[in-house]
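Got some structures for you, see below.
There are two complexes below, and they share subunit A, which is joined by subunit B in the first and by subunit C in the second.
Take a look at the complex of A and B:
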C-alpha cells in the first residue's frame, strides 16, 4: 500500500520529466538533422520560416529576437550584473554645482535589482524555450516540405488557434496570471529569505545584501542576540500545529454529525434548518468574527452575563481566573480554547455542506440490499455510511489541515488589538502566544518591515505545507476518476 | 402498538428539539448583530443582550458619511472591484476548465498535476512576495493591484467547472467536430449554453471573493485613506480602540447591510452548486 502511494507521486514527476526529456530530444534531432536553414535558425530565428516562404512569421520571429536582445542590453544588463552584491552604491545627497541644487547620486536600489534580475531570468528562460521550440518547429516545416505537403499560410496558422490549438488560446492568459502572481512571488520569497532586508536595510535609503543562511540560523535558535526568535518560533510553530489539528478534527466530526442529524428521516423541514446554519457562514468572516470578538471581550456582554449568574465568581474561587472578568480572548490558555471553539462555530456549517453532498450520493443500492437483508439502522450506519463518508472525505482532511495551518482570518480577526502578550521573549520577536506562523509573518511585514525573517518563516511554512500537500496529492491522483462519466 | 407510536413521536420531537437548540446556539451572534444595529446607543451594549432603546439612527448615520465611516463609498469601491474580479475570474476559470476537460494535448496532464500542487499551497504564502512586487510597480493602494491579486491566479480554481464540463457528452462534441465546427464555436455555441448552472456558480463565487476577503485588502490598501477602503477594511477600522465606543452600532448596521446581499448570493450559489453537480450527472 505504502509503496503504491509513493509510486503515484513518482509517476507524476516521471511524466513531467519525460515531457522535458522529449522536448530536448526533439531539439537535438532538429539541430543535427535539420538543413542549413534550420541550423541558421539557431542564430536568426526567422531563417527557417523565410526559406519556407512564411514571411510574416519570419518577420515576427525576427522582431521577437530583436526585442529579446534589446531587453537584455537595455534592461537586464543594468540589473543582473549587480545581482551578486545587490548593489554597492549607497544613496547620498550631493550638491550639484551646475544646477545649484542638492541631488541624489546614481544610487543602487537593492530590491529593484533583486526583483528585476529575477524577472530577467524568467524572461530569458521563457525565451530559451521559445527559441528551442522555434528550431523544432522549423525542422518540422522542413520535413513537411520534403514530403511535399502544403505549408500553411499565416492565416491558416492563425486559424489553428481556434481549431486544434484552441487550448493555447484558452490557457495563455490564465497560466500567465498564475505564473506572475503565484510562481514568481514564491521565487522572490525564497530569494529574500537569504538577504538582510529589514527595517535597517530599507531601499532606497540603504542597501541590503546576501547573508546566506543567517536568517534560518536565528529562526532555529542559533546566534547570540536573536535567541528569542528561536524561542518564539518553537512556541508559534507548536501552537500552529496544535491549532491545525484541533480545528480540522473538531469541525470535521462536528460537520459529519450535524449533517447526519439534519439528513435524518426524523428531521422536519431539513431545508429550513440547513439554511439557518448556512446563514452563519454566509455572513462575511470579518463581520462575524469581529462581532464575536466583541461578544466575548473583557467588558463584553458574555462577561456581564457570566458575572450575573455567578460563573465569574465561581471560576475565581477555583483559581481559573484572577481578574474581575473572564479573559476569554486576552489570556493564554483561555484564548487558545476560545479560538478553537469559535472556529467550530464558523467551520462546522462548511463541513456540514460538504458531508451533506456526500451523503446525497450514497450508493443507494447497497443501502437497499442491506435493508432487505435485515441489517439494523446502526449496522447500516457503521458498515456502509461511515466507511463511505470517510473514504470520500478522508483526503480532504489533509487539505483542511494545510488550510488551517494558514487560517489567517480566524486568528487575526479574533486576536489583533485584543490579545497582548506578557511574555517578554515573545514580545521581543513581535510574536504572541496565539499567533500562527502566517499571522506572525503578516505582522512582521506589515508593522515591523522585517522582511527577511518573514520570508524565512514563509519558507518554513512552505516546507511544512509541502509535506502534507504531497500526501494529499498522492491520494488525489489515486482518486482521480475523471473519464468515468465520459 | 400505540406505545410504540408515541415512542416514535417523542423521538421526532426530541430530534427536532436538538436541532433547534443547535440552531439557536449558532444564530445567537447573528441575532445579537441585528439587534445591536438597531440600538440607539452608539457604543457597545454590555449590560443587556437586547438594546435598551431601539432606533434606526445608526443606519441613518451610516448613510451620512463622516471622516471615519464612509460606508456608501466603501460599498461602491468593493462593488467596482468585485465586478472586475468577477468578469476576469469567470473567464479564466471557464477557459481553463474547458481546455483541461474537453481538449486533449500533450501538456495536459503535467499542467493539471502542477495545478493540483499549486492549488494545495495556500495563496497566503505568496502574499508578502506579491506585496513586494506590487509595491515596486507602484500598484499598492490601487484597485488595479487588488483586482489583479484577486483574479490573476483564479484559473487554479477550475476543478469544479471542469467536473461539470466532464459530464457534457463527448459524442456531441465529436459530432460537431465532424460537421466542421471549430473548437472555438463548440466552446461558445455548444458547451457554454449547456452550462448555465456552473456559469452562475462561477460568476457568483468570484463576485463574492472581494466581499469576503480581508487579508489582501488590508495588505494592499494600507495607506489609511478612508475613502479608498473596501467594506472589510472600513468596518475593521471602525473597531479601533479609540473609535469603538462611537462606532460599534454603526459597525453592526454596516455588517447587516453587507451580509444581506452576500448571504442571499451565497445561498443561491449553493443551490446552483448542487444543481451543477447533479444536473450534470443526469446528462452524462
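Take a look at the complex of A and C:
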C-alpha cells in the first residue's frame, strides 16, 4: 500500500512535467510542420485564423498582440530595464519661489520598479503561453482543413465555451484573481527577501537594491546584523513550535471531551450548555482577549483578588514569584502557560462543534455490536470513538497546527504592551520570549520598517508550514485509511 | 545683427520684468492642500484654515482636513509618503524617522516662502522656546514648526497627603507615602521615562550620521557619576515598598484606583489626577534622587508636538505658509484656550493664564531639567528591558559587575547598526 501512495505523489509530479513537455512538443511540431500561415502566426497572431476565414478571431488575436506590444513599450519598458539595479536616479528637488512649488527630478522608485517589473513578467509569461497555444491551435485548424472537416465559426466557438469548454469560462475569473491577489504578492515578498529594503532604504526617498542571500545569512547567525538576531530567531522558532503543538493538542482533546460530555445521555439540557460555550465564539476575539489581558495584567483584577486572599504572599513565600504581583502575562514561563490556558478557553468551543458533528455520525451499528459484546465505555471510546474521530478530523488537525504557527491574534493581543522581556539579548533584536515568528515579523515591519528581514522570516515560516503539511498529509490521508480503521 | 541682438536683449529684459507678474497670474490656480491633525483638534483646525484663507484673499485654496493622531502619524505617512498630507502634526519622537524617509521638508529650503506672510524662518526660531526649536532641527536645519510643548512628564501629587518638602526628593516622597499607606507610581519599563534618571546624572543619547544611536550610559558622565550608580539608585527606589512600577500606558488606570498619592505622568492625565486628588490636586517638577550621599535632580524628556510639511508636497511653498500659520502665536493661544495645549511660544508661556494652569506650570518648571531625546529605533526595546529588569529587581544593587554587564549589553543593543 505504501508503494502505491508514493507512486501517486510521483505520478502527479511526472504528469505535471509530461504536460509541459507535451505542450512544447506540440508547439515544435506546429512550427515545423505547419504551412506558411501557421509560421506567419509566429509574427502575426491572426494569420492562421485569417487563412481559415475566422476573421473575428483573427481580429481579436491581432488586437491582443497589439495590446501586448503597447503594454511592453508604454508600460513595461519604463520599469523592466531597471529591474537589474532597481533604479539609479536618487530623488532630488528644488523649491521654486516664483511658483511656490517644489520641482522634482524624474526619480526612480525601487519599490514601483520591483512591483511593476514583476507584473510585466507575469503578463509576458501569460502572453507567451497564449502565443504558443495560438500557433498550436492554428496548426490544428490546418489539419482540420486538410482533412476537409468543418471549421467552426466564431459563434460556434463561443457556444463551446458555454458547453464542453464551460470549465474554462467558469475558472477564468478565479484564476485571474489568484494571479493578481495571491501569486504576485507572494512573488513580491520572495523578491524583497533578496534586497536591502529597510529603514535606511525606503522608497521614494532612497533606493534599495539586490543583496543576494545576505538576509538569510544574517538570519541564521552569519553576522552582518546584531549577533543576537540568530539567537532570537532560534528562540522564537522554538516557542512557535511548542506553542503550535500544545495549542493544537489541548484544544483538540478539550473539544472532544467537552462534546462527549454534552453528548452523554446523563447531561441535562445539552443545548443550553452548547449555546453557552458558543457564546465565546460570538464575541469578537479581540474584545475578549483584550479584556482577559487586562484581567491578568500586573495591576489587574485577578492580581488584586490573589493578593487579597493571600495567594500572592504564599507564592512569594515559596519562591515562585519575586514581585509584589503575580506576573501572569509578564514573565516567561508564567506567560507561556497562561497563553496556552487562555487559548484553550478560546479554542475549545470550535473543536467542540466539529467533534459534536462527527460524534453524531458515529456508526451506531458498531457501537451496538460492541455493547452487545460487553465492551466497557472506556473500551468503546478507545477502540471505536477515538479512531473514528482521528480518522475524520485528522486533516483538520494538520491545518490547525499550521494555523497555530501563524496564530497572530491570541499572542499579539494578550502580550502587546503587557509583556516586557527581561532577556537583553532578545530585546536587542526587538524580540520577546512570547513572540511567534508572525508577531515578531509584524513588529519588525510595523515598528522598524525592516521589510527585508520580515520577508526572509516569512519565507522560512512558509517553508516550515509547507514541509510539515506535506509530511503530515502524506502520512494521514492515505487513500483507503477507512479500511485500516475498520 | 546688432539690432537683432538688441531686440533679443530687450525681449529678455521685458520677459524678466513680466515674469513676476506672470507668477502672480499663475497663482490664480487653486492650491490644493491636505492637513492632518488629531481627531480632537479637527474643529479648531477648520477654524484656523478658514482664517488662513481669509488672510490670503488673492489666492484660491482647496484645503482638506483629515484625522491622523499625532502619535501614529509616522506609521501612516511612511506607508505611502507620496500620498500623505501636505501639512501634518506629529509627536517629536518621530522626527528622525520622518526626516530619514524624506517625509519632512527641510524648512531652510522653503523658508523664503514665508515672506508671502511677511515672516521669515528666523521669526519662527525666535518666537518659540529654544529647546523646541532644537528638538525640531536635525544638523542645524529646522524641519518642523513647534506647536505644543506639553508632551513631557512631571510629578502629580496629592497635597492633602504630601507636603512640598516631601515631594522634593524620592527619599522623602517614598517615606511620606509609606507612612500614609499609599504608593508612588512611575513607569520604569519605557525608554522614554527611565532615561530621566540618566539624563539627570549628565548622561546623554544622540544620533550619529548613519542613523545609529550614540549612548554613554555604561561609562561615567561628565558630572562624574557612573551608569552603575544610577542603576543602583533606581534599584533602591524600585525596592522601596511604597514604590509601584507601572506598565507603560497604565498610569491613568492606576491613578484612578486611588492607591497612588503621587505619580510621574504628563498633561494627558491632568483630568484624571484632578478627579482623584480633588482639592489636593497639585503638580510640580520631578524630585531629586540619591547617588551616594548626593542629591541629583531627576531629568526628563522634553516632548513636543510639531507641524511639518511633507517633503513630497508639490505645493511646498503654500504648505509651509499654512504650517507656520497653524503654529503662530495666535493659533497657539487658540490651542491653549480650546484644547488646554501647552504652548511653545515664548509670549504665551509667560502669560498669567498659562502660569495658572497647574499641570502646564509644573511642566514649565521641569523644563529647566529636561532634554531633547535624540535616539534611533534601536533604542526602545533594550531600554524598556533595562527598566523592567530594574523594576523587577532582577539584578542586585550590590552586584556592580552584573549591573555593568547589563549596561554594556544595553549599549551594545542600542548602538547596533540600523538595518
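List of remarks:
Going forward, the second predicted complex is superposed on the first by the 452 of 486 C-alpha atoms of A that agree within 3 Å, B and C clash if a C-alpha of one lies under 4 Å from a C-alpha of the other, contacts with A are read in each partner's own complex, and residues count from 1 in each chain.
Here is the rule we go by: a residue touches a chain if its C-beta (ideal position, glycine included) is under 8 Å from a C-beta of that chain, and two chains touch if they have at least 3 such contacts.
If you're wondering where the values come from, they're calculated on a predicted model, not measured in any experiment.
In the superposed model, A:299 makes contact with both subunit B and subunit C. Once the two complexes are laid over each other on the shared chain, residue contacts for A:268 go to subunit B alone; subunit C is not touched. Contact with neither subunit B nor subunit C is seen for A:209 once the two complexes are overlaid on the shared chain. Of the two partner chains placed by superposition, A:307 touches none, neither subunit B nor subunit C.
Contact comparison for subunit A: of subunit B and subunit C, B touches the greater number of residues.
Of the two partner chains, subunit B is the only one that A:185 touches; subunit C does not reach it. Of the two partner chains placed by superposition, only subunit C is touched by A:430; subunit B is not.
Judged by the touch definition given at the top, the superposed model places A:446 against both subunit B and subunit C.
Look at A:72: by the touch rule set out above, it reaches neither subunit B nor subunit C.
In the superposed model, A:421 lies in contact with subunit C only, and not with subunit B.
Residues 297, 299, 417, 446 of subunit A contact both subunit B in one complex and subunit C in the other. Residues 19-20, 23, 26-27, 31, 75, 78, 81-82, 97, 100-103, 105, 109-110, 112-113, 116, 189, 211, 244, 246-250, 253-254, 257, 311-318, 377-378, 381-382, 384-389, 392-394, 406, 409-410, 412-413, 416-419 of subunit C are the ones touching subunit A in the complex.
Taken in their complex, subunit A has these residues touching subunit B: 12, 15-16, 19, 111-112, 115, 159, 162-164, 166-167, 169-171, 173-175, 177-178, 180-186, 188-189, 192, 258, 261-262, 264, 266-268, 273, 275-288, 290-292, 294-295, 297, 299-301, 303-305, 345, 349, 353, 357, 360, 399, 402-403, 405-406, 408-409, 412-413, 417, 438, 441-442, 445-446, 451, 454-455, 458, 461-462, 465-466, 469, 472-473, 476-477, 482-483, 485-486. Subunit B meets subunit A in the complex at residues 11-12, 15-16, 18-19, 22-23, 26-27, 29-30, 32-33, 44-49, 92, 95-96, 98-99, 103, 105-111, 113-114, 116-118, 120-133, 136, 148-149, 151-156, 166-167, 170, 182-184, 187, 211-212, 214-215, 218-219, 222, 232, 235-236, 239-241, 244, 248, 251-252, 255, 258-259, 262-263, 266-267, 270, 274, 277-278, 281, 284.
Taken in their complex, subunit A has these residues touching subunit C: 91, 93, 95, 97-102, 104, 196, 198-200, 202, 204-206, 225-226, 228, 297-299, 322-324, 330, 417-418, 420-430, 446-450, 452-453.
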